[in-house]
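Here is the structure we will look at.
Chain IDs A, B, C and D follow the sequence of writing; residue 1 opens each chain.
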Amino acid sequence: MDGEAAPPRMSAAEIERFLETEFPQMHEGGRSVSIESVRRMGAVLRMAYHERHLRPGGTVSGPAMMALADYAMYVAVLAQLGPVALAVTTNLSINFLRRPARRDMLADCTIMKLGRRLAVGEVALRSEGEEDLAAHVVTTYSLPGAVK
Amino acid sequence: MDGEAAPPRMSAAEIERFLETEFPQMHEGGRSVSIESVRRMGAVLRMAYHERHLRPGGTVSGPAMMALADYAMYVAVLAQLGPVALAVTTNLSINFLRRPARRDMLADCTIMKLGRRLAVGEVALRSEGEEDLAAHVVTTYSLPGAVK
Amino acid sequence: MDGEAAPPRMSAAEIERFLETEFPQMHEGGRSVSIESVRRMGAVLRMAYHERHLRPGGTVSGPAMMALADYAMYVAVLAQLGPVALAVTTNLSINFLRRPARRDMLADCTIMKLGRRLAVGEVALRSEGEEDLAAHVVTTYSLPGAVK
Amino acid sequence: MDGEAAPPRMSAAEIERFLETEFPQMHEGGRSVSIESVRRMGAVLRMAYHERHLRPGGTVSGPAMMALADYAMYVAVLAQLGPVALAVTTNLSINFLRRPARRDMLADCTIMKLGRRLAVGEVALRSEGEEDLAAHVVTTYSLPGAVK
């Protein structure tokens, strides 16, 4: 429970450095995802508009949005708990709501519950400059052992 | 309803050719997903074990499994309905169950409901040669207009 | 799309009267759910703390929370669209986050997307007076025919 | 892991007796749910067709189906692990596929993964005598402490 009330333990820059080692494949083919900001129980990520993520029609593909949301939750958990490399996704559920625009996409993750064993969060996915959601994700991470 | 009882309208080879045009990005970076078979209300796909899909530890990443499952459902819908390029995913929910092996992954999709407006299917994801599931997906596609 | 921007078409009192006819079973065994308020693209419902909804330990049962969330989304859709008796739930996904308190429960539903065929909303379930969520729901309704 | 391969530890009759104490509210208003059978990693439950569970039109209500599925998973977990009164649902996701018939409903639950901390199962809901699914559920239970 303390984990939920505490301020973030890692800054965006510290997390970026940690992930260079832990998730190098996120940057394969060129760097396109970056951490905009972290806050208590939340984080915002940006995915650059890039041909690699597109589906026919020129909009961001569903799998690219799922990957971005998964990553946003991982960053939010890292920020709150510190480096827990073994946290793994157990469930991810996405609803695709509107066709994204041909622009960068922002993923805003809020952790709804941070227990000893599970973290549950939601992620709002929007094209930059849009108020309406392109997609909405709810996801659960299993946390390794006791939270330090 | 007729759509559910009818035999498949497209063969695996016909779907492969259709998708070369519609989903060329699936093959970007090298061809790794192929259609093993289609059947009434179902399809099996194979994703070759490939460095591009891996997470640290050498196992298939979650996003690669989500993309594979989404694609398997699209193939199963195409097989049953014929070429409906505008079918789009509205929901995808995945549970990650076991760490995959360092082998090809097979995705076996069964359409549970094929209505006029929505198709709902489940996808069992297994490492080749394993009986236990690596992940399980339930997904919904919205179908464009009336089913022909 | 117009449906999303318009003000609600029915008041809480009008919806209560409509549902007396359409959903009489909600009140079977005694009246325990009431509409607190409706707003553009949203509604708040209250479920009275009542022995009928409890599980051992005296807290609200999971099925009672699922029923409340489903009902909250129906009320929010009715408020926005007017009386559409044929709207039906196609998907409901709930995460149970914290043990509820022994008090009334409030369900706050926000419609995230109101399309011609589908409405997708989320519902925050809290024990009265609590800030933290007891449960979180995402649900989809299929809408009958064209939105008037 | 051993838990997955072992035969069931409790019979249907033993579970019924256990649940009389643990879940007495399931029978409130009259007995309508019974255990048809248990098997390794699975169970079948029956819900009698009963006015109490109906929605307008005389078919089984969504919340009644969600409650039945939740209960079926609990029975399957009990059968496999023995009496673990503290197992709790953490997630339940249901897709409503077809209008049920005016008959008893059967819920067939299969546990897909039984780990030390989480059990994940799917539940097929059918009106008696029907092959097609009325609804499909995937649900996760959190297991208390180490599996004995």
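What we mean here is this: a contact is a pair of C-beta atoms (placed from the backbone, for glycine too) under 8 Å apart; a residue touches a chain by one contact, two chains touch by 3 or more.
The shown structure was predicted, so the numbers you read here are calculated from the model rather than taken from an experiment.
*Asks:* Is the number of contacting C-beta pairs greater for B-C or for A-C?
*Replies:* A-C
*Asks:* Any idea how many Å lie between the Cα centroids of chain A and chain C?
*Replies:* Roughly 28 Å, centre to centre.
*Asks:* Mind checking the centre-to-centre distance between chain A and chain B? Centres are C-alpha means, answer in whole Å.
*Replies:* 24
*Asks:* List the centre-to-centre spacing of chain B and chain C in whole Å, with centres computed as mean CA coordinates.
*Replies:* Taking the average C-alpha coordinate of chain B and of chain C, the gap between them is 33 Å.
*Asks:* Touching at least two other chains at once: which residues of chain C meet that condition?
*Replies:* Answer for chain C, listing residues that touch two or more other chains: 90-91, 93, 95, 140.
*Asks:* Edges wherever two chains touch, nodes for the chains themselves; is that graph a line, a ring, a star, complete, or other here?
*Replies:* Topology of the interface graph: complete, with all chain pairs in contact.
*Asks:* Write out the stretch or stretches of chain B touching chain D in their complex.
*Replies:* 93, 95, 97-98, 112-113, 120, 122, 132-133, 136, 138, 140
*Asks:* For a test of understanding, state which residues of chain D touch chain A in their complex under the given definition.
*Replies:* Where chain D meets chain A, its residues are 90-91, 93, 117-118, 140, 142.
*Asks:* So in the complex, which bits of chain D are touching chain C?
*Replies:* The contact residues of chain D facing chain C are 22-25, 28-29, 52, 54-56, 61-63, 66-67, 70, 88-96.
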